[in-house]
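In the two complexes that follow, subunit A is the common piece, with subunit B as its partner first and subunit C second.
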Partner chain A sequence: MRLLPFDYATRNLGRSPGRLVLAVLGSALVVLLVIASAAFVRGMGSSLSLPEENSNVIFLGAGSEESVERSEVSTRAAEVVATLPSVRTRLGERYVSPEVHIALAIRTEESQVEGRLTPVRGVRPTAYLVHSQVHIVGGRTPTPGADELMVGGLVGGQLGVDASRLALGKTLLIDGRPWSIVGHFRAPHTVMDAEIWMALTDLQVVGQRDDLSCVVVTLDPALGDFTDAEVLAAQRLDLELTAMREVDYYGALARFYAPIRAMVLVTASLIALGGILGGLNTMVAAFAARVREVGTLQVLGYPRRAIILSFVQESVIVAATGALIAGVVGKLLLDGIAVRFSMGAFGLVVDAPVLAIGIAAGIILGIVGALPPTLRCMKLPVGQALRG
Partner chain B sequence: MRGLIMFSVLMATFAFAGCTTKDSAPKPGGAAGGVSSGLPDGIMLSSAPADAKPLGEVKKSAKKGDKVTFVARVGGTKHPFVDGRATMIVIDSSLAACDALEDDDCATPWDYCCEPRESKTANSATVQIVGDDGKPLALSLKGQGGIEELVTITVVGVVTEKNDEGLMVVNASGVHVKKG
Partner chain C sequence: MSLIECRQLTKKYTRGDNEIIPLDELDLSIEAGAFLALMGPSGSGKTTLLNLIAGIDRPTAGELRVEGTDIARLSRSKLARWRSTHIGYIFQLYHLVPVLTAYENVELPLLIQPISRKERHARVAQALELAGIADRHDHYPRQLSGGQEQRVAIARSLVTDPPILLADEPTGDLDRASSKAILELLLRLNTELGKTLIIVTHDPTTTHYAKETLHLEKGRLVSEAPPALAAEVKSAGDGRGERDA
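The block that comes next holds the complex of A and B.
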């Protein structure tokens, strides 16, 4: 088959610079929306999923398997759980983390009438052993009894303030009292990244509770498995415990939020479809003006398939250029942006798979947007096409 | 060629017959009906011990080391069995499971979610069948000899853990499953 040269398609793009810019921008907007949706779904999904090799077990109050914030566990439970032979030990320290989880209204300014509900976790130092994803990136851990706290990387987005407002030494208002920020931590792609951490006893005082929300332990696979934890929970009916793998706990939460993710994808698909239909409209008008050109090319001996291919090339170049622009904008502006949800917040994730989805959407947009109007042009007999 | 085919058919027949024989062989302790496997001989009782009392009554007075015989139902929690360990949770038969209530469509009536938590704790016990090492056997009790959620069972065993807050662990030496 005799093909039209590739630069025929590229040179054609420059015939109407205004239309070219609009087409590229239109494509970029549609692809940016696809990227934002994919980043949302991926960000939410990754914040609620843990690697399979995670060997943490959460001991919750029986009947509170669906929410650690509603769970109540006796403080004695931590001592009992620590006797589990399969708990990991390092330099004599057991990987047992008794924790309190409460969503507190946090104010950043005195003048603020209502604070923003933010997940706060009360911990002991062993929490840093059990939650290995947490890395302190600035400052230090809070001292018990000193009204100190440490903030995660997404807390700024959660509270709606700049990072500078959460600098070391600044204060946040909890329960009407100023609490000093003494540390910054990151726990990327986990719900912990949107949390505030403070000493366990401090949060118990603030929350007016003398029990725990849960006890998290890390098991040593060489010493035992999850069944040991289940047996302990079954034996200690007095503590009213239930044992769950941390992976399963967050897996259940992810399933709970699956309809929201599906809704986001459907919305994005519908808007992308709207973009394609809008693009089709433009392309029909653009190609209709090129009917005579199509006829001339046919007279010159180019087969219809070659002409269709050339037109699709043009369209794909435009759409792919828009997709590339959207990818750069998405990576620079969207990646890591905090999105609030009931579990706190998660960061949008614009990574390689998300960018690949965006580029693929752009290419599909280019092909699907060009084919119908091109085929419509081709239907005309050559003579009629030459008359325009 | 025909000989080879006959030989293959015969071998296949023996292989399947072998599987069938293995699966249908009587299991130790399976006398009480239902299928049980891996349990020590004599654990599953064919008749209920005559001197059994309700679990709630036994739990009030039992001490560590006591030999006890009680009647209870399997349940008291959403997951009364531990997968892969011979451990289960039982609750006094006098407490009403959720399916006993009218207009209740609870999917897991054996969790007794309609009962107050204190009542459940006071009337529950952990029953386990242990090996020589004192640890629960590495098998699930669910399905053994007809043991299922909400089934009434009679347990003969020794109290190994007990406190006033609700803890009671019984190492069972005999379990009878009530039919029907």
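The block that comes next holds the complex of A and C.
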């Protein structure tokens, strides 16, 4: 192998420390942006996707397939759904969760301004069976009629308040009426993580409604499948129900938000492209100053690809260092941050695949950024380069 | 056959309607062991001729054989390899790599040769010793004087043990004392190591060291320096050598 020593690349980086720092920070910024967009897309995607083995079915009011908020299900219909034979039963408990979903303006006691719209879910204790992703991490479930509620892990980010404002025993105001926080739950990577839960009857009072938004049931694969739910909805037209797999419901939501994801990706790529072009500019200047040196190396017998490789090494070292910094910063600062969208919030996810995307983007940035100025520098015939 | 044979050697540049002919049907034979001084005014084609012999540029027409090889016919990568073992090139402005020490600069041409680390070390040490700069092996170029930098550059040109050394105004940027020392060093390489030496120079003192002096003008060899040139050479000899434009 006829290559320039690796030292040549690393020491050249030290030629101009100011430019080196700028180049590292520049690529760190570009990579951080890539990580942020990937974390956004991944966070949004994972909050709207469920594990494949999920066998939950949502019964919604007919015609409200796209939004549980607008759905109305009568109490009578809920009673009929509860009798579906293929519903899972364990220790005498049937996995049937009648629910009310309303977005309410919530504010903390200390806050003077109008509260933000936050998804609130009214549930019965069976909800914790049906939604197995929910884990109570502090306190207890709210008691009906006691003006109590429970908050999900992303609610702080959703309301834009510090976690200490949502500690157990603190108060949240709904329509000026105080509700005390008695529990904390987490449901990572699901929309529920950004929700407030309270007793079903309490939310019906708050929302002034006596019907339900939906009934969620878990089917027992040994007893039947989704077809049973579909048949029930189709046969009992009087109940005005639609049955959807929970997976499909969130799949449809994800498709609804696909344009936002596409926009984020396009914006991120454009900014990254701008970063590459800006980086190119500095590199063209840095490499152009070394035209004569490149000529000398060729006179000494170094093949052109050895010199190109060494220049690319330099630039990849810079970009990869920037990418590492961006990875650490992204993991520390971005992971789990709540992003509010029309209804609710999801957390940015900075996990191994997202970091891998960031590092890969950094390396590509290094290669793509170095090649044009290097090739430009090599285009000159050696004799002319030496006169340069 | 001579070591270097030029037959009708021509180099032409065309820029739009303009035609520049730095070398015009040059015939020249240089024997092994020669010490040739090449003089001539700026733009007379001296550097062009050295670059052709070194295989850095390619002739437009004519023939150029070095050790019997028609180097104009070699591919670019073959030429690079050929050059790394046959030619040592010494520049007016040294062209050392600033981020490498003297030792590492001299080592550079050997890194692409298939030799052991031990032999490489021995050869670098020997070249530095020959060039009289061994004591500064761990200095960076910016820590060296011009004369010392040129010694490192000479060590670098020697380290692959090429039969031919080409020097383009090697003392052009040096004071008189340093120039003298560098010329004496080059002379020793010619007499003691038998290197064939071609030196482009503006400095008439070089001709005292060279075995033969040739004058180029407008891309052709002239037998005697014309009066105007002789005057220029004389005045240049009073001070430091002139640099090319």
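Assume the second predicted complex is superposed on the first by the 383 of 388 C-alpha atoms of A that agree within 3 Å, B and C clash if a C-alpha of one lies under 4 Å from a C-alpha of the other, contacts with A are read in each partner's own complex, and residues count from 1 in each chain.
FYI, a contact is a pair of C-beta atoms (placed from the backbone, for glycine too) under 8 Å apart; a residue touches a chain by one contact, two chains touch by 3 or more.
All values reported here derive from a predicted model rather than from experimental measurement.
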Touched partner set for A:231, first subunit B, second subunit C, both or neither: first
Winner by number of subunit A residues touched, once subunit B and subunit C are compared: C
Partner chain(s) touched by A:240 [first = subunit B, second = subunit C, both, neither]: first
Partner chain(s) touched by A:62 [first = subunit B, second = subunit C, both, neither]: first
Partner chain(s) touched by A:382 [first = subunit B, second = subunit C, both, neither]: second
Subunit A partner contacts - residues on subunit B that touch it in the complex: 76-79, 82-85, 87-89, 111, 113, 117, 121, 124-126, 128, 136, 161, 163, 165-169
List of subunit A residues in touch with subunit C within their complex: 2-5, 7-8, 11-12, 14-15, 292-293, 295-304, 306, 381-383, 386-387
Footprint of subunit B on subunit A - complex, ascending: 62-63, 65, 227, 230-231, 234-240, 242
Sites on subunit C touched by subunit A in the complex: 47-48, 51, 54, 56-57, 76-77, 80-81, 83-85, 89, 91, 95, 97-100, 104, 108-109, 111-112, 156
